[in-house]
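Each chain carries a letter (A, B, C, D, E and F) given by its place in the written order, and its residues are counted from 1.
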Amino acid sequence: MSDLYNHGTGNVLVERHDDGVLLITINRPSRYNSLTLPMFEEMNRIWADVERDDDTRVVVITGAGKAFCTGMDVAQPDPTPEQALAMLETERKRVTTVLRIEKPIISAINGPAVGYGLSTALLADISIAADDAVLIEGHTKVGVTAGDHAALIWPLLVGMAKTKYYVLTSEKLTGAEAERIGLVSLSLPREQVLPRALEVASQLARGSQQALRFTKRALNTWLTNAVPQHELSAALEILDFAGADYAEARQAFREKRPVDFPSARPAGAPAN
Amino acid sequence: MSDLYNHGTGNVLVERHDDGVLLITINRPSRYNSLTLPMFEEMNRIWADVERDDDTRVVVITGAGKAFCTGMDVAQPDPTPEQALAMLETERKRVTTVLRIEKPIISAINGPAVGYGLSTALLADISIAADDAVLIEGHTKVGVTAGDHAALIWPLLVGMAKTKYYVLTSEKLTGAEAERIGLVSLSLPREQVLPRALEVASQLARGSQQALRFTKRALNTWLTNAVPQHELSAALEILDFAGADYAEARQAFREKRPVDFPSARPAGAPAN
Amino acid sequence: MSDLYNHGTGNVLVERHDDGVLLITINRPSRYNSLTLPMFEEMNRIWADVERDDDTRVVVITGAGKAFCTGMDVAQPDPTPEQALAMLETERKRVTTVLRIEKPIISAINGPAVGYGLSTALLADISIAADDAVLIEGHTKVGVTAGDHAALIWPLLVGMAKTKYYVLTSEKLTGAEAERIGLVSLSLPREQVLPRALEVASQLARGSQQALRFTKRALNTWLTNAVPQHELSAALEILDFAGADYAEARQAFREKRPVDFPSARPAGAPAN
Amino acid sequence: MSDLYNHGTGNVLVERHDDGVLLITINRPSRYNSLTLPMFEEMNRIWADVERDDDTRVVVITGAGKAFCTGMDVAQPDPTPEQALAMLETERKRVTTVLRIEKPIISAINGPAVGYGLSTALLADISIAADDAVLIEGHTKVGVTAGDHAALIWPLLVGMAKTKYYVLTSEKLTGAEAERIGLVSLSLPREQVLPRALEVASQLARGSQQALRFTKRALNTWLTNAVPQHELSAALEILDFAGADYAEARQAFREKRPVDFPSARPAGAPAN
Amino acid sequence: MSDLYNHGTGNVLVERHDDGVLLITINRPSRYNSLTLPMFEEMNRIWADVERDDDTRVVVITGAGKAFCTGMDVAQPDPTPEQALAMLETERKRVTTVLRIEKPIISAINGPAVGYGLSTALLADISIAADDAVLIEGHTKVGVTAGDHAALIWPLLVGMAKTKYYVLTSEKLTGAEAERIGLVSLSLPREQVLPRALEVASQLARGSQQALRFTKRALNTWLTNAVPQHELSAALEILDFAGADYAEARQAFREKRPVDFPSARPAGAPAN
Amino acid sequence: MSDLYNHGTGNVLVERHDDGVLLITINRPSRYNSLTLPMFEEMNRIWADVERDDDTRVVVITGAGKAFCTGMDVAQPDPTPEQALAMLETERKRVTTVLRIEKPIISAINGPAVGYGLSTALLADISIAADDAVLIEGHTKVGVTAGDHAALIWPLLVGMAKTKYYVLTSEKLTGAEAERIGLVSLSLPREQVLPRALEVASQLARGSQQALRFTKRALNTWLTNAVPQHELSAALEILDFAGADYAEARQAFREKRPVDFPSARPAGAPAN
């Protein structure tokens, strides 16, 4: 299977360890590991490879440098409506593929995880965050529905009161706070995050492979039952991508000024 | 829409803020904001108005004086069976209406929240409690099933171990403890509760209205999936209202003596 | 009903209190209250008796001596495949029976709770653990799927991030930590555990029996909705019992050496 | 297990066949196999026996004489509210017990099946009806909610359009029509019904017992997922038993005159 | 309640019968009872009135002249994207409102029912179709997702094989065929449809109002459980309204020529 | 994408039509299109290709010669336990993959469809059967749980009464009867089956691709919600593969004699 994992732009590193652990590193540290459009496709191909890679037992995913992953790079040109639809369909496939992988996946959240980055972090089976890592759901801040993982898994992580607070406000929280409310499995001092993730991975790689695979299978049915909720949020996010709020948000970010959402302007406020 | 919100007894105040925030204040402080029978209907009409009020983007609900809301006033005359059935059907409609509202609702739990009061507090999307506010589920203490929100949302807030403990025992907990276990979104010193609620409301009112509405819509499907559970608890509560336990509880409360539930008396204990 | 609860080996004590509380004590302290094969059947008969015992209103279950219950005694001879299938079908019936009991059940987790022991502890409605009690899910450590309660109830107790971490790794946690994440209802200093459990039981026994039974009924529908997940995990566990990993794990435990799972050996690692 | 099935009034016959088939015959032909209050309890005990009877592989249930079972005998004295509650709780346990039985159950619907009788007929795994047997849901005709099986299983049998039509109107349908819409498995000329049921039973008794048990287990999870709906309908039916409509319906039946429901009288029509 | 039902354009007639039956007639026979944009809003207001109308017990809805209702009038000017979004949000509220109504609703499908018309027909509790009435789902034929009722209720009416066939192909079927597969409750010769609907309505209006309301409540939980599926289909339909396929379909209909969907042209076929 | 679909043994033919229709033909007519072990893997690869094939819009699958597909070839050597587990895991992946494909799939059931063959036929979105084609679920006849599609989709096709009858008994039914009960979309004279399938496929290939894909997406959430049931049945089938009943069944088939299931022998009948 020597052809696996060679898709790339160099922005995602994949490394095999002797014990059956595969380490994926999002590697664009100069831009806080934000994603260019081609990287979305590349990540999907990597997850598809993970699914069929018989030599890998456990996956660890982390970020190079100080960040874990800060989502789509806002410096990218605005997607056309067709590109937006295609990108979000790609996103939808990512979630489906990750849910289907039977190998345990561990995220080592070494630093900021935002949007797509947070989705990647929280869809892992086990998530280990730096105490001071900053986590931000972020979708509503750019004028779109939280459609890549929040409706699928947040209520099963932290309950509705915390879910709605953080997802509606996009307020940031630290890794330590995320652990306190159940959003991640563990939080640790930053320098221990990756070592601990690799240690847990190594332990699982030495465990009973069938028992682990079957236990994950049984637990993941809680997530397949939430597929309609997830599909709904994904469809609503696509809808928003064509809207004026998203366009204004991107423009404002590039101009480094506050967003002035058209839908929140006194005159233009749409009826509910 | 000048006719909205004018239903009343003066026991519920409704105030429009410039930024699209609507502040509802339960206003019967001399009785700790407990409800008379007409107030149940009035609250329902207010929620129905909120649903169709195009000038409101975010709702904040709080209590006047020291309490948030302490449920039905025990000093009310006992309802006849017909009144009880009607009141509980009204209650059931309240929950349905609140679930349907697409605007974010924030509860500012400034003091005690009991029974109906707790239901109102916890069915808000975002709930902000005073650290020292006392929260009590309370239904079982008066001999009836917890039928107004607990079976609908507690398992999605704090999980089954905490849910069953607090709902079966009706033990009180503070706002700070409620936040720790995930029952409310935030807890704060009492004097900061309403200001923070208004600040969050104002922030959401300036956010992307479509993104917020759609995100809430996707998340609320977790609650519509629990409608059968809720309807069941509501039906069982109605059943209990006609029973001897409820009558004794109300009598005991009026006489300020311990309740001596008929169903728990040695001789009269019914077979399970 | 004088014939109830007389099934036994002396390894399970059942004691009636005056107030309608039934105290069940797993009583094999010399082996940390681990279970012999006959004890599985005996426990099932006891739960079936609890269901039809009209004189009991609330059940408390605890362990004799220092442990709560540490699961199947590894010193037992290996079950044949037929015995394993029979034992696991027995286990499956236990869960079904416990879910069906309408009386509140309280576990007083006075010490270690492992595997079957943890299942018994967490399927109680209210669970009160010693701060320093050690809790271990444990199934994956012996090479089998977590098939007796984890897929049924952990996601409804602590969310998916904590569930997968503890269930996949079988890492131990203390009662205090279990309370912090929502796995149990309360944690207390060890010596207060049983007294508090009995006190809560006594309080519930004096409460409105119909209101409590109906409230539990409404809340338990959250668990019946998870029956497919539970049945799946149970079936997968049976599958594993016939495998080489389980045989090796039992052998290693008896020889007090590390387990060397066949499925995790480099050469023999099966394709995923 | 010689003590099984000896509970009785003589109104239910239980007969063992050599091949592991158990034939249950509701035997009160002079009253069209309608049930007295003690028979409800007796039937529950019989189903509980079926569950633990290791000598039985398949169950066939039918009626003596011309009817299958026509529900509660209206000639019984009116139950007190306590008796009504107890009877309906008994009913609820019957459904739970029947759902739990792992042996295939076949109903041979030789003649009229009404109310409880129809519930018994349709909760069987395989239902074989006489072409001209008359089936009536019947609950709404006596002023109570259809709370014993309709909300649990009709939508999974015939879909919502047929379900609501027959359950709301209580219109009768024949066995042949029931087969056409999927309400029963087969319909046949009356004289072939029991022979065919016994033949299918005998065939299943010679089949792979584990494969049959497991297949039923997997399929029955569709029903456990509907437990909240069933519990809701059962609770609502109990509510109705205390109402004026039910009292009038029973009185009218005894007086053999049309029912004049209080709730449908012009003056007394309650607000919705 | 004299102010109810007076919203109108004259295109919807509402008539009270003495027995508590309300007859709604879609009344634009010259255009086969197709809807103008204002009629969507009007119908929603009528359903909202039905919900709060205490004088109505049962609703019958039919069409004037030869058609039941043939959906949105294609002769209307194309909606702008904002109008399309608003119209579909209106549609979504219609479904929510109809599901919430506790009174039985009966559709008398006297002739063609297409799109919105079919949605109205099939969301009734009881649906009675003319044997020769033509039913067409229709959404895919105009290039949009079937987002107004099909994903909510077809699988609960006719199963997946029939659902996908008719919904994907938009092939027409007759009332008689619809009855055969379970899509409607009954089919009859055309001239008997409305009389029979009124007769069933009148019968229900004389029945036990509480028993009927509660039975409908219990059965409707099957539909609330499908709300996520419905919301998903509605969101996807909105997405399609902005697309080139919908624009081409409307243009082709106006020009009375075959549709040539851009997405199905050889060169322009989008990647899946 | 010239490398797609070239996996093979020659036992599965794949043919591209000009209009974007892909025709898959199971091609082992001398053995009634039964499958050898390598064909299971090959079919999975073909479905995986279908998922990523941008040039295909609609898939038609049929059988060469007189049969559609009659399941695993009994003339194959008995699988070892490891092979059986691997084969069933392969089967499980097939179902997952087919559910994920967004293109419409049409089965042209030209003749007998048994076991795997029936699963393939019924998991298609649209299924068109020859009036006289013989359909047999078949699993219980060989002593294993119906674990490849029945628990997933039969209750959503024909309801529980028909499901349990045909799945427990493995009785055959014709295509015409299958259509009557809703198991397939259409039935036709044999010679019209493939032409009609291709005609429907061609029509869909000219339809709005996005509308069709989204409509299927919304409808398929009904199936993802049933994943736990499916996984359960699959796990139980694996369990049975290691049992004596399956071994006896295979032996009996090879010897062309009746099966004498060990589990059904008087002495050896296991306790339930």
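Here, a residue touches a chain if its C-beta (ideal position, glycine included) is under 8 Å from a C-beta of that chain, and two chains touch if they have at least 3 such contacts.
For reference, the UniProt names are A, B, C, D, E, F = Enoyl-CoA hydratase/isomerase family protein.
A quick note: this is a predicted structure, and the numbers were derived from the prediction, not measured.
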Checklist entry - Which of these, D-F, A-F or B-D, makes the same contacts as E-F in over half of the contact pairs? => result D-F
Next on the checklist: If more than half of the interface residue numbers appear on both sides, call it same; otherwise different. Which is it for chain B and chain C?
Outcome noted: different
Checklist outcome for this item: Relative to chain A, largest Cα-centroid distance belongs to chain D
Item to check | Geometric centre distance via CA averages, chain B-chain A, whole Å | outcome: 35
Item to check | Centre-to-centre distance between chain E and chain A (centres being mean Cα positions), rounded to whole Å | outcome: 40
Item to check | Approximate Å spacing (C-alpha centroids) for the pair chain B, chain F | outcome: 51
Checklist entry - chain F: which residues touch two or more other chains? => result 158-159, 182, 214, 217-218, 221, 228-229, 231-232, 235-236, 239, 270-271
Checklist entry - Among line, ring, star, complete and other, which one matches the pattern of chain touches? => result other
Checklist entry - For each chain, which other chains does it touch, given as pairs? => result A-B, A-C, A-E, A-F, B-C, B-D, B-E, C-D, C-F, D-E, D-F, E-F
Checklist entry - In their shared complex, at which residues does chain A touch chain B? => result 139-141, 143-147, 150-151, 154-155, 158-165, 167-169, 181-182, 228-229, 232-233, 236-237, 239-240, 243, 245-246, 249, 261, 263-264, 269-272
Item to check | Touch list for chain C against partner chain D, complex | outcome: 96, 100, 214, 217-218, 221, 224-225, 227-228, 231, 235
Next on the checklist: Going by the contact rule set out above, which residues of chain B touch chain A in the complex?
Outcome noted: 20, 53-54, 56-57, 102-104, 122, 125-127, 153, 156-159, 182-186, 200, 203-219, 221-223
Checklist entry - Which residues, counting only chain E, touch chain A once they are in their complex? => result 81-82, 86, 228-229, 231-232, 235-236, 238-239, 242, 270-271
